[in-house]
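Two complexes, one shared chain (chain A), two partners (chain B, chain C).
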Partner chain A sequence: MCKGVVDVRRVVDISKHELVPKHEVMSEEEAKELLERLNITKGQLPKILKSDPMVQKIKAKPGDIIKITRKSPTAGTTIYYRVVVNE
Partner chain B sequence: MLTKEEIDARLEELKDRLPESILKELREELHKVKLTEEALESIIDEVLKRYEYAKVEPGEAVGVVAAQSMGEPSTQMTMRTFHYAGVAELNVTLGLPRIIEIVDARKKPSTPMMTIYLEEEYARDREKAEQVAREIETLYLEDLLEKSEIDIVHQRVNLYLDEYEMRRRKVEMEEVLKKLGSVKGVSVEAEDNVVSVVPEKTATIKELRKLENRLKGIHLRGIKDIRRVVLRREGDEYVIYTEGSNLKDVLRIEGVDITRTKTNDITEIQRVLGIEAGRNAIINEILDTLNEQGLQVDVRHLMLVADMMAVDGTIKAIGRHGVSGEKASVLARAAFEITVDHLLHAAVAGEYEELEGIVENVIVGRPVKLGTGMVELVMRRELEEAKEAREAE
Partner chain C sequence: MRIIPKKVERIKFGLLSPEMIRKLAEVKIVTADTYDEDGYPIEGGLMDPRLGVVDPGLRCKTCGSRVGDCPGHFGRIELARPVIHVGYAKLINKILRSTCRECGRVLLPEEKIEEFREELKRARRIGKSDEPIVEELFKQARASKSCPHCGAEQKEIKFEKPTTFIEVVEGRQHRLSPIEVRERLERITDEDAEVMGFDVSVARPEWMVLTVLLVPPVTVRPSITLESGERSEDDLTHKLVDIIRINQRLEENMEAGAPQLIIEDLWELLQYHVTTYFNNEVAGVPPARHRSGRPLKTLAQRLKGKEGRFRSNLSGKRVNYSARTVISPDPNLSINEVGVPEIIARELTIPEIVTPMNIERLKKLVRNGPAKYPGANYVERPDGARLSLARVRDIDELLEKIEPGWKVHRHLIDGDIVLFNRQPSLHRMSIMAHEVKVLPYKTFRLNLCVCPPYNADFDGDEMNLHAIQSQEARAEARVLMRVQEQILSPRFGGPIIGGIHDHISGAYLLTLPGVRFTKEDAFHLLYASGIKKPLPEPEIVENGKEYYTGKQIFSLLLPEDLSLRYKAKVCRKCEVCREEECEYDAYVVIENGRLKCGIMDEKSFGAFAGVLLDRIVKDYGTDAAREFLDRVTKLVINFITWRGFSTGIDDEDLPEEAKERIAEILDDAERNVFELIRAYNDKILEQLPGRTLEETLEMRIMEVLSEARDKTGAIANEYLEREERRRRHENSARIMAVSGARGSLLNLTQMAACVGQQSVRGERIKRGYSGRTLPHFKVGDISARAKGFVRSSYKQGLSPLEFFFHNMGGREGLVDTAVRTSQSGYMQRRLINALQDLKVEYDHTVRDTRGVIVEFQHGEDGSDPSRTDWGKMVNVKNIVEKYARTEAE
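Right after this comes the complex of A and B.
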């Protein structure tokens, strides 16, 4: 009986938040080039969950590599890569 | 003399070799002086050389350095500090307990707190800011009551509403009655500021008591988990501080600035804004806690810690339940904590020890793969054989 009033007020675009850096899905060729350049396999990259809000937003699938352009206090911007995984 | 455009064009070529921040600084400095081409080249050479020197060497034990850099200042922190954020009793865990809380990746901070920034139009206007604050603070019927009583003779629960509270929180009688109207199995009578709730069926004292408690717990407005709000003026804008945290719902409120509003609950940030935001939150929270105590730690160490905690896509703790507990090597895990359990489990499961890491090599007394020990010599046999053959001739 004392459930909160569920009102659909507005849709929040989380990518606008200052804590959230830019996420982009890399194309197949870009991903291949990256793995070759670093001489690693996908499994060695840091991971990001399929259920992550930003993954959902950019509609990435498991296996996709996401290019993250971070703002860095030391280097200005840095690029980080994460591979989308199931839980 | 070179023009600014020529300098910029030359610097553009260095984009892959120097980080953005250094390039930016270099550009600003170079624009201030008059330069010949040779002078520019020698400056660039020197900058590149210094930059290469400043880089971390391959094989450097960055983790240990980070641990020491964070650990040493932590010993100087006050054991138990409570800080009063802004006005009135809003206290927040800070100091060492807060650092431990972050690094242990606790599901809930001991004092959840939000800092809610408002959109331009709301932030300047006290009236509007207060309106947003009221919308956020949870309000239960109990908060509005002067007292409540059970009337056994007349079979009812009497609720005495506090007029002052009602006025202060801008709650109308209709709002309360409407909420009470949705309670099943009772009828409601109102007289001045006394509301009587009468059960339709004859009730025992026990049932009336139960009803009384249920009525008190009726949620009138506000966001779940946000218990108190404090409105504070900062510079030329109003900022709302809250006790309790619910980022997801607060962001949905009209007037809240979705770009800056934050919480000190890191797992909540990860859930609502994603792992990358969670990583940034870890860095910011640790840095703020240290700076608040007047301690300076280079962000690079904190970035390493945050990156380690966030590699897997969820925030995991440093320590035996997280980073250290997931090491591949049995000996490395056993060397850290709960030694016997790890060794026993490894024996039962038939684990292999690859002796790849540092700790395990220290234990067995081999050179560790760190710094100069990381390098291995590779001999190309055909070359050596050819050399030997030549010498034999």
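Right after this comes the complex of A and C.
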């Protein structure tokens, strides 16, 4: 018998799942360097919701930039950046 | 002319208030008549001269401008009684249900309203749509039975589409007149309107009920004069006439104190006319019709759909300097060229600025004028004024005046760069830049190698041509869009332009082992193909006579230092490849520009497949590739013409022995099917995992039958080939299939041996009567022939039953293609809409026009797929081989 709802995140470490790429919060300096290199403001980065399970897992706050290292069929590994937003 | 760039920050949509309409309108329209007996427009009528001018020569009574300059001016109709605007009826319904019938407040407690107000503010700040929030408010407010503000009890309101509202008061239905509706909307406070999504500075709820109707200027609804001198009015004018007429009658009846019933009828009629004036395709309203019975095209119809203003006039405009005609092939043209008929060349022009260097040449063209071929149609003065050469009387006087700084719009001449397009334009290769070659007759001509990217054939296809008007555009087209620059497809990193049909069979026959030419024949062929290269030493000397092999001739087209090895299309995929020793000559070896062994076929330079062509474009550049294709076209076409090539039904002839063997296989297969059915009936059929017994049986039967068809195909092919070898009698159909020129071995099988199982939805045919496909079979018969197995070959001919099944399968194919094209077309439209302004920047990021990044490295590896080796970044084997060769030297 199953009673109550179990939060899967408390049982399973989603970051260990094969399909979840590595997420890291970028430091202030790294973020600044990235924005300068791309010559953009934070608003021009792809967004990620603060309610995203991985964002909560790595405790990123709105405004933080997350560096995602993914596997890529064309390039081996590839890096993507997303900015945490409220909604 | 200096253009000051401006950025549109935002667009605000609102409703027109009655006051606004009165301010906007120059004229109050009072009479339904348009013109008097003398044909002059009546003041206060729908064609009032103050509404703008449409007749050339006249001046506008409002602004004093002439035709092109007067934008037209609005008028107004004062409606005797208000009417609902159909476009807002749904919203009015929601508002009526969510607001108090007494005090007009939103039917929610103050705190709740405040909450929604906050939420809306937040949504607006982050640029989110307010629609879901307002919808939620309507949903919650609708549920209230009484007003939380004044306590009034709320009645149920029914909405009868399209424009009627009915309130149920104590079980009695009371129709709310537009006046009552308007009064209720008026009671809503600005603050409440705001939480319902209104921006009250531009839209008050009551403005959705019309009291004044804006009449568009005559320029929006021009009347046309027919040849008979009769005037024909625009549909909108007709509709407005109807509105005014009823409006007048309603007003008169009201003044005369007519009974309420009559007034209500007229009011209803007015509502109908105003409704259809906005949209003549409202559900539940009979469309207003023209005298001829054709439904009128009113405001919404002008904008909506494929033929509407947006899709037909704004997204897709018609352009000048373009031409369209039927296309036909010409192997003598380069792939970069397009043959343009002289009549088209005389019509399309290119502006050329007069300079001291070209003044003499251009003056000659101007003297020739529009009628004599290389001529000109217009000259343009430095001030931009255009003079038509067709209308100039004294040409010498004009020639005197022409000096540097003028522009001459001269005819298209050989070498001009133009854009050439075939619809549907599905990929970038659907529009390519070609060089003009002016030719006689009336069709556009193109080299056959460019058929694949355009997906063109010559069964009546038409194509469009655009003459480029500016120097920058010309340069850009030449560098980026020229056919030779498009040989490699960005879709798969191989050539999309290349030989087809006769190119392939021609090259195959030319490079077949044993093909030889006397010196004379070789020279003939090469001269006809315009190849001016010295012949190598003859490979064969027989009885003192010298012979050149086909491979030697073909080698003349190859770059001198090209070395390459690959397996041709004719390769049989033997277990152990004997490479150079291949008995089918399917292993191609090119060393230093000489074709040592191997047959040229589709894998060499065919569109979508050419390995050799691919090597040439990537290692020697597009110029070399263009030259190679041009020469191959000519050489191979000349060769196949000289040699002769034709196919007929005897290409599918099989000896008796083969027919017997095929019949035997098919008999076996049918017997096996019966075995399977018996095994099923005896319940000894072994079930496949994850399938029911019935499914298993069906799958096994399909398997047996398709295997049988393949076996018959193999036999047919075996005999065709054996005959070919034995009697040295070429089988053109087989040559085409094997070399990849046209058709496949499956096609041959179906023609010569057995057509095979027909299918609908991937299953054997089962539809028809209950338990059987046709009355010729017993109920429950699931044998091969009862379920659409066609035993005959196309050549033998099909039995009536087989023919019927074949038709069923064939029809499904047709329906599928029809459905697929429309679906994929729609998908493409939406994809293009979504992706149209994404662009790869110089730093390899993909961004939209706001600079928002979509991808940080294009394709994650920053590669241009057309520069890759069939999608792979590098071809290591090639590099190693190349290195090994240089090392050896």
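We adopt the following convention: the second predicted complex is superposed on the first by the 77 of 87 C-alpha atoms of A that agree within 3 Å, B and C clash if a C-alpha of one lies under 4 Å from a C-alpha of the other, contacts with A are read in each partner's own complex, and residues count from 1 in each chain.
Everything that follows uses one rule, which is that a residue touches a chain if its C-beta (ideal position, glycine included) is under 8 Å from a C-beta of that chain, and two chains touch if they have at least 3 such contacts.
The shown structure was predicted, so the numbers you read here are calculated from the model rather than taken from an experiment.
Colleague: More residues of chain A are touched by which chain, chain B or chain C?
Modeller: Here the partner covering more residues of chain A is B.
Colleague: After superposition on the shared chain, which partner residues are touched by A:Tyr81: those of chain B (first), chain C (second), both, or neither?
Modeller: So A:Tyr81 only meets chain C here.
Colleague: Quick check on the superposed pair: does A:Ile40 touch chain B, chain C, both, or neither? Answer first, second, both or neither.
Modeller: second
Colleague: Contacts for A:Arg10 in the overlay, against chain B (first) and chain C (second): which applies, first, second, both or neither?
Modeller: first
Colleague: Now for A:His23: first (chain B), second (chain C), both, or neither, which partner does it touch?
Modeller: So A:His23 only meets chain B here.
Colleague: Which partner does A:Lys59 contact after superposing on A: first (chain B), second (chain C), both, neither?
Modeller: neither
Colleague: After overlaying the two complexes on chain A, where does the chain B footprint on chain A coincide with the chain C footprint?
Modeller: Common to the two interfaces on chain A: residues 46, 72, 74-75, 78, 80.
Colleague: In the complex of these two chains, what residues of chain A are touching chain C?
Modeller: Per the touch definition, chain A meets chain C at residues 38, 40, 43-46, 72, 74-75, 78-81, 86-87.
Colleague: Can you check the complex and tell me which residues of chain B touch chain A?
Modeller: Residues of chain B touching chain A: 19-24, 140, 182-184, 214, 217-219, 221-224, 251-254, 258-262, 269, 271-277, 280-281, 284, 299-300, 303, 307, 310-314.
Colleague: Which residues, counting only chain A, touch chain B once they are in their complex?
Modeller: 1-5, 9-10, 12-14, 16-21, 23, 46-49, 52-55, 68, 70, 72-78, 80, 82, 85
Colleague: Could you please specify the touching residues of chain C with respect to chain A in the complex?
Modeller: Against chain A, chain C makes touches at 126, 128, 843, 845, 847, 850-854, 856-857, 859-863.
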